[in-house]
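The same subunit A turns up in both complexes below, where it pairs with subunit B and then with subunit C.
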Partner chain A sequence: MRMSRSYLQVLLTFARNSFVRDTMFRTNFVLECVSSVSWTLMNVGFYLIVFHYTPLIGPESGWGKHQFFVFLGTTWLINSLVQTFFMTNADDYSELIRTGNLDFALLKPIDTQFLVSFQKVDWSALSNFFAGLILLAVSLGHLCTRPEHPLVITPWAVALYVVYVLCGVAILYSLMIALASTSIWLGRNQTLYDFWFYITNFARYPMEIYNRGWGVPLWVLFTFVVPVLVVVNVPARILAQPLYPERSLGWPLAAFALAATVASLAASRWVFQRALRSYRSASS
Partner chain B sequence: MAIIELQQLSKSYWVYQKREGVRASLRSLFRRDYRAVHAVRGIDLTVEQGEFVAFLGPNGAGKTTTLKLLSGVLTPTAGQARVMQHVPWKRENAYRRRFALVMGQKNQLWWDLPAQESFRLHQHIYRIDRAQFRQTLDELTVLLGVTKLLQQPVRELSLGERMKMELIAALLHSPEVLFLDEPTIGLDVVAQHNIQRFLKYYQQKRRITILLTSHYMKDVSALCKRVVIIADGRIHYDGSLSGIVDRFSGHKIVTLQLAEGQDPTHLDRFGSVVEVEPPKARLRVERRRVPAVMAALLNAYAVEDVAVEDPPLEEVIAEVFLQADDAAAAAATAALPAGPR
Partner chain C sequence: MYRGDFALGTLMRFLPIVTQIFLWWAIFDTIGGAEPGNAAVAGYSFHNVVAYYLLSMVSRAFSSMPGLASGIALQIRNGEVKKYLVQPVDLLGFLLLTRVAHKLAYYSVAALPFALVFFLCQRFFVGPWPDGLQWTCFVLALLLSFLLGFFLEACIGLLGFWFLEVSSLLFVYMLFNFFLSGHMFPLDMVPQPWHAIVDLLPLKYLAYYPAAVLLGKVPRDHLVGGLLSQCVWVVVFIVLARVMFRRGVRRYAGYGG
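And then the complex of A and B:
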């Protein structure tokens, strides 16, 4: 009990210190918020154009404009949470290894993975979280008030949605921290941002688009090997229910997403610990 | 009671050898050359509770690596170590709460924030009771004279002020063992002196055990009774500072002030001449010959004043380092495979 309270206090101090630091450079902070939100708005514009030409993404998939915007809003929520809490830290971790400054993290009487993963909070990335909430609210509003089969959202669905959003964050975090840990063996690994771009590129569309031809091996790869397809698809399906009033989410997929979360966290923990054993610091 | 015990502690690793030029760079994409570096080679050492021990040695001697092994940052290739009954590289929290490592060339404070914010973080990480934290922080800031600087961002502090803050961060949890890796590097004389004075006072008051590496002989002579000379990953000497001269220097320095009209030539009959600046002359004389040489000198010259001293400590230590380097080079040559050289 005392231990978890102390971890929480450390986490809050990290968040507080990051906020104090961000506000010291307030123009930079505002610019970062503005640039994130602008990119987000452009994204909405792009998909509005796409839906000008087609009513659905994937035939008979049920992903119409508003359902897809729930999907997009969920993508932003998950991405912004990952960027706020983990992206900077995973990126810094490679640098800590290269410069030998990881020494200090190893000296502290606290879990090293916790320390490395939460050290900084990038508050400006949270602007997209609010943008995601607005997009969700607007799209769900449309779906719940449509004349035919108005969508009904139960508190149970909202609770499940929150759980699966957190699962999605955990899967992406696991991938990132495992990739950053390889810097211990490689000396330097600056592919993190590229990797993030590639992965989120695959994760940001409904999994139905991978149902045909060359899509099938990609579906297998990004569901069972690197499970990024379940990251947004599972929670988005719970809220958007594209096939409503039929059920849009099968229990096997939901159970698989939970299992994939646990497996990803365990695998990344293993890689992290394994890599730490090979850490050799840098010159004094 | 022994608080630190090392037995045959060794650390080796492979270092990538980058050759010059584009062709070598292309080749290195497919095949790389590595060289084994033996940073620490079978060190045995015992330190008692409350000792202040200095590690002296040239760059690359293995001093910092030893400190990193003792603080659990690195895992050894062979050998054993126990600090306060803990094996450092197991990285147990119970051990990490009881020691601290300060590195003069690295910074653990949040760069853009006032040091006060980093101290609060340490309070939570080390789970220091609020009242205890306040009391320790007040005591340390007063002792180091930095109370007014607590609100200033770390990046706006001078090097000396920053080092004082680093020391505070390391001492907030009242460690029983402190590892200091060149804590005064790059500091001016006044800042060096302040930190020496603080360390001396703190160590005597708390009776903590400190291992210090430094290139400044003044740090060592001001603080440590015991000195360990490490070169080429091995311990070459372990004893008192003054004992270094007895052990490694077979010479004394004889300084003569000759009477007016005395010609200081032909002094080389008595020993090797270090410098002649009439009427003064300095000679290097073999230790066992000093009495005989003194008698002969006083017989041959009219002398107004005379002093017989040990050679400067820095000089003796530099000689030890050089000897260690030569021995390492000879060992490396002997280890080369047979064939045309």
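And then the complex of A and C:
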């Protein structure tokens, strides 16, 4: 009990320090917020054009314009949480390994994975979280007030949504920290960001789109081996189209997402510790 | 030295196209099938869209200038630009030649992965084989897009004479570039009245235009005219860069460094 309290205190200190550091250069902070939001707005522009030509993404998939914008909003929520809390840290971690400064982290009387995962918080990335909330609110508003079959959001759905968003964050975190750990073996891990971008790229679309041609092996790969497809798909579906669980894998998929979260976290912990054992510091 | 790593990196760059292919596949399935004959989205069939994405990668390989603007701005800020003022070497000319050399080296290594991807995706290139005129205009448009990309980004870097930090400006430029150059989707899909505006901007020449020429999306009698207006834009940005450099140097020398 005392142990977890002190971890919480350390976490709060990290968060406060980062906030102070981030807001030291206020204009820069505002500019960073604006620029990350404008990237995401551009995405909305793209999909507005797409829905100019098609009513749905995939026949019978249920991903109409507003349902899809719920999906998009969920993507932003999850991505911004990952960026806020873990992106800088994973990047710094690769750098610590390369420079040999990880020695100092190892000496501290605290769990090393905890220390390197939570050291910094990039508060400006949280601006997309609010952009995601706004998009969610607007598109859910449309769905709940449409004339036929208005969507009803139960407290249960909201609770499940929050749980699954957190699961999504956990899966992405596991993937990221495992990727960053590999730089112990590979030396400099320059392409971490690239790799990250390419993998999460697959998570940004409804999984139904892979259900054709040679997409099926991809679907299997990114659902069961690297479970990035469940990250956004499960929470977005729970909120946007709870009426049609039979159209996708439904509840079995949701149960699988929970198992995938636990498995990813365990696997990343294992990779992290395995990698640390091979760490030989950088000779000067 | 890292040729294998580099070729792999180039191949990885095609990965985002994979998800785009599935996205459009699903869209075309919704609106009447992914057969080559179904040109349902702004005159593009599913095969056209995929071919477009692949070709726009080629245009981007010519027009993108990673690190150019930020490099110029950095040289201005840390005073390294003085080097070009005392030596009989012209900053813009020097950078242009460096880029040419850099791009040539890049193509020599990237050609193989590009060829592989195009070979694997050849079934997406439907319709008549482009004729001589189209090929000529395509190659010219690519070369001009290199020049346009270079001088456009040089102008943004030269703004560093007036503002110390151009990174946020550069970000805005990249944002517009990504969206309005046609990197994200064929510009023909933009609905009116926006399309008229996008059509007037020079950004479309950086990715959309060469690809559209080869795909036959530009009417034949507009081919030469399009190239001419691309030339005009190149000249505009060459002159602008020159003027900015001269003014900037005067300002720079005037205030210190």
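By our rule, the second predicted complex is superposed on the first by the 274 of 284 C-alpha atoms of A that agree within 3 Å, B and C clash if a C-alpha of one lies under 4 Å from a C-alpha of the other, contacts with A are read in each partner's own complex, and residues count from 1 in each chain.
Heads up, the rule we're going with is that contacts are C-beta pairs under 8 Å (C-beta built on N, C-alpha and C of every residue); 3 or more make two chains touch, one makes a residue touch a chain.
Quick caveat, the model's predicted, so the values are computed rather than measured.
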Contacts of A:I110 with subunit B and subunit C, given as first, second, both or neither: first
Subunit B versus subunit C as contact partner of A:R204, first or second or both or neither: second
Partner chain(s) touched by A:M24 [first = subunit B, second = subunit C, both, neither]: first
Touching partner for A:I57 - first (subunit B), second (subunit C), both, neither: second
Touching partner for A:S38 - first (subunit B), second (subunit C), both, neither: second
First, second, both or neither for A:E148, with subunit B first and subunit C second: neither
List of subunit A residues in touch with subunit C within their complex: 31, 35, 38-39, 42, 45-46, 49-50, 52-59, 61, 191, 194, 198, 201-202, 204-205, 208-210, 212-213, 215, 218
Subunit A-touching residues of subunit C, taken from the complex the two chains share: 9, 12, 15-16, 18-19, 22-23, 25-27, 29-31, 40-42, 168, 171-172, 175, 178-179, 184-185, 189-191
Interface residues, subunit A side, partner subunit B - complex: 2, 6, 9-10, 13-14, 16-17, 20-21, 24-25, 100-101, 103-104, 106-110, 112, 115, 277, 279-281, 284
Residues of subunit B touching subunit A in the complex: 13, 64, 68, 71-75, 91, 93-94, 96-97, 100-101, 103, 105-106, 108, 110, 112-113, 117-118, 120-121, 124-127, 153, 181-182
